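Following this line, the structures themselves.
Okay, so subunit A shows up in both of these, paired with subunit B first and subunit C after.
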Partner chain A sequence: MHSVREAYFIFLKDFQLEFRSRYALNAIFLFAVTTLTAVSFSIGPQRLKTEILSPLLWIILFFSAMTGLSHIFVREEEQQTADTLRLVTSSTAVFLGKWFFNLILLIALEIIIIPLYLAMLGVEVGNSAVFFTVLLLGSLGLSSVATLIAAIISQASAKGALFAVLSFPISLPVLISGIHATRIALEGGTFSDGLPDLQILFSFSVVIFTLSVLLFEFIWRK
Partner chain B sequence: MWQITASQLSQKFNQRLVFENISFQISSGHSLAFIGPNGSGKTSLIRIICGLHRPYHGQIQFTFKNRLVSGRQVYSQIGLVGPYLQLYNQLTAFENYAFFARIRGLAVDSSHLKRLMDRFGLRGRELDELRTFSSGMLQRMKYVIAVMHQPECLILDEPTANLDEAGAALVYELMQDQRKNHILIFATNESSEVKLGDNHIALGA
Partner chain C sequence: MSLDRNWWKYFLGCWMVLIILGAFLYAPPAKGLGDTARILFFHVPMAWLATLSFLISAVSSIHYLRRRERIYDIWAVSAAQIGLLFAILATITGSIWAKKIWHSYWNWDPRETSIFILLLIYAAYFALRSAVDVDEQRAKLAAVYSIIAFVTVPFFIFIIPRVYESLHPDPLINPEGKIKMDSRMLQVFLGSLFGFTILFYWILRIKVSAARAKFVLDNLKE
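Coming up: the complex of A and B.
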């Protein structure tokens, strides 16, 4: 219970810091909007097939996340505040606080990107409930992976390149299932049609979150 | 009565032995100074005591009334000031205070912060972002955060670094107060500070 309370204070502190600098926020939104605009202009009035639209959404989400979500730990190491945090709270509280911040950031990105994606590419969602469930479960998985990998790469020198390289193989189950389930949702499929993918997304999110909480101590405490 | 016991502590960096077989015991009402030239391992030893670094060999134990304590109970009793320990420069002094108070389970009390800021010569700067502070003022702010929870064990690495004469005098006063009833551990290169330690351990000798 202590850890959850402390995690909330860490989340609030990170929110305050991000609100002041807007570093991660700007990096994420700029990447997402640029990609969407470039694709939208290049295809013109042409309607893309769901086989293309679905991976396009996840490419935008994945790489937008990769541009900004590592900042949460990189900032602590670069400004030498990580030791201060290590001294006053448990590793579980730090992971939960940072994970929740990344999850909220990813959901905020989706709230802005999804309407733009639908409008600029002329996408029609066949089954909104399945579509948003896939996005929510995918965000849970992506934010867990991003938070754990961010903690690892924050102690390395080539941070930017390492983050995407290390995150990609671990995020692959989220991307494959997310892309497949999104395609089903765009084509109007029901929950039972997308059930295998939703099960994978849910299981992956639970497993990676649990593993991250358990392993984080070894990454955080040098 | 709190007690810290270090047994056979050794530290290695890239096969280079920094120090080995350091053992000591210190209890409430005493102070201990680590002295030695640059690179002798003073900071590493301080970091090991605070749990920020794992020793290559040996262990450190905290006991309260002869009962072993660990984890949350330990770090709630430590106040550390060191050059590698920074505060959040984009937050104000009050926001930093509020964050650490909440994390430590204390009430956020602006009059308490005001008293601490007065004590360390930072009166009226509560609402300023720390990035507007000079290095000496930042060092004073670190003391505000380190003693806000009245720690049983105050650990200082280069206690007067970046401080002017008035700032150093404030720190010496704090160290004198701490060593009376609590535990004070510090690392220094200043010969004038060594006398504040009841005992000292010379590293790199």
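Coming up: the complex of A and C.
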């Protein structure tokens, strides 16, 4: 329980820092809006099929996540606060705190971007319960992958480009099954139609999260 | 360089000549696929070696994180380099065959998708290695990445066949669990698999001892 408490303090610290600068939130939010506008503008008034709508949503979410979610570790290295953090807390607490922050950031992005996506592209959600479950599970998976890869790239050069390159192959299970399940949800499928995809999303999130907690210490400790 | 120590190298040379002759002269053309099926004697072993190197690289990475000895990192990177080479060769040979049979070089068949993901992971692995300057840090981060990438692979086995249907022939591993190959084809195929694996072992040995020598030399300079 001790490290959960510590993780909570790390989350609070990052939350307050973010609230002051709003660097990650601005980057991730404006990127998502720009992409969405570019897509909506270029297709004009026509209605897209669900085969195209659901990949579009996940492409926007994935690349927006790639612009902002690495900031949490890159900032610690750039402002040279990482070593202090290494001294005062356990690595598990650091990972949990940062992971939770990234999850909240991603969900905040979705709260803003999903209504815009639905409105601008004229999307009708057939089964909203399935739709939001997919989004939640997908965010869990994406934020776990992104947090671990962010920790890796914060110690490398060429951080920005490397983040998406390293995250993409690892996030593919989330993206493929997320896109598939979103399409089912948009077409009005029930939970039992989307169950295999939801199972994959859930199990992948659990596996990657567990693995991240185990491996994070190796990345974090020098 | 006495003959008795290197006998297996001469043996391998003769063996591969026999396999090449056998592939074109001894094995009969396959039913339905005709002479194009002869590519399987070279294409399948390449794909197998790409997978095997990936496995060796991941196992060496685990050893590296546990023991922190440079030799394991040398094994991991050498296996990954050879794996990348064979993955590219398997992709090219497969693509040429696909053009002949399916009339298109690339159409996202599940097998094409999975080899593409493998290529992406290898590419990301080397991108990460080139972006870190300090040796220990590079070895550590690359090892972690290799392990995460390896854990995601089983998910692709479940996901990809659900989304796309495969046209790729499965001569050895198929749902009925039967070997559908002509006995003469099977002899050449298994022989080729054996020959390629020995060849892989040979290349890996050369790469590892070269990398080791370079490591020792670099340390002497300091």
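Convention: the second predicted complex is superposed on the first by the 222 of 222 C-alpha atoms of A that agree within 3 Å, B and C clash if a C-alpha of one lies under 4 Å from a C-alpha of the other, contacts with A are read in each partner's own complex, and residues count from 1 in each chain.
Just so it is clear, contacts are C-beta pairs under 8 Å (C-beta built on N, C-alpha and C of every residue); 3 or more make two chains touch, one makes a residue touch a chain.
Keep in mind that what you see is a predicted model, and the values were worked out from it rather than measured.
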item	value
Subunit B versus subunit C as contact partner of A:Leu215, first or second or both or neither	second
Partner chain(s) touched by A:Phe168 [first = subunit B, second = subunit C, both, neither]	second
Partner chain in contact with A:Ala156 - subunit B first, subunit C second, else both or neither	second
Comparing the two partners subunit B and subunit C, which touches a greater set of residues in subunit A	C
Partner chain in contact with A:Phe41 - subunit B first, subunit C second, else both or neither	neither
Which of subunit B and subunit C A:Lys13 touches, first, second, both or neither	first
Which superposed partner A:Val207 touches (first subunit B, second subunit C, both, neither)	second
Common interface residues of subunit A - those touching subunit B in one complex and subunit C in the other	222
Footprint of subunit A on subunit C - complex, ascending	65, 117, 120-121, 123-124, 127-128, 131-133, 137, 140-141, 143-145, 147-149, 151-152, 155-156, 158-160, 162-163
Touch list for subunit B against partner subunit A, complex	50-54, 71-72, 75, 78, 80, 84-91, 95, 99-100, 102-105
Contact footprint of subunit C on subunit A as seen in their complex	148, 152-153, 155-158, 162, 165-166, 168-170, 172-173, 176-177, 180, 196-197, 200, 204, 207-208, 211-212, 215, 218-219, 222
Subunit A to subunit B touching residues, read off their complex	2, 6, 9-10, 12-13, 16-17, 20-21, 79-81, 83-84, 86-90, 221-222
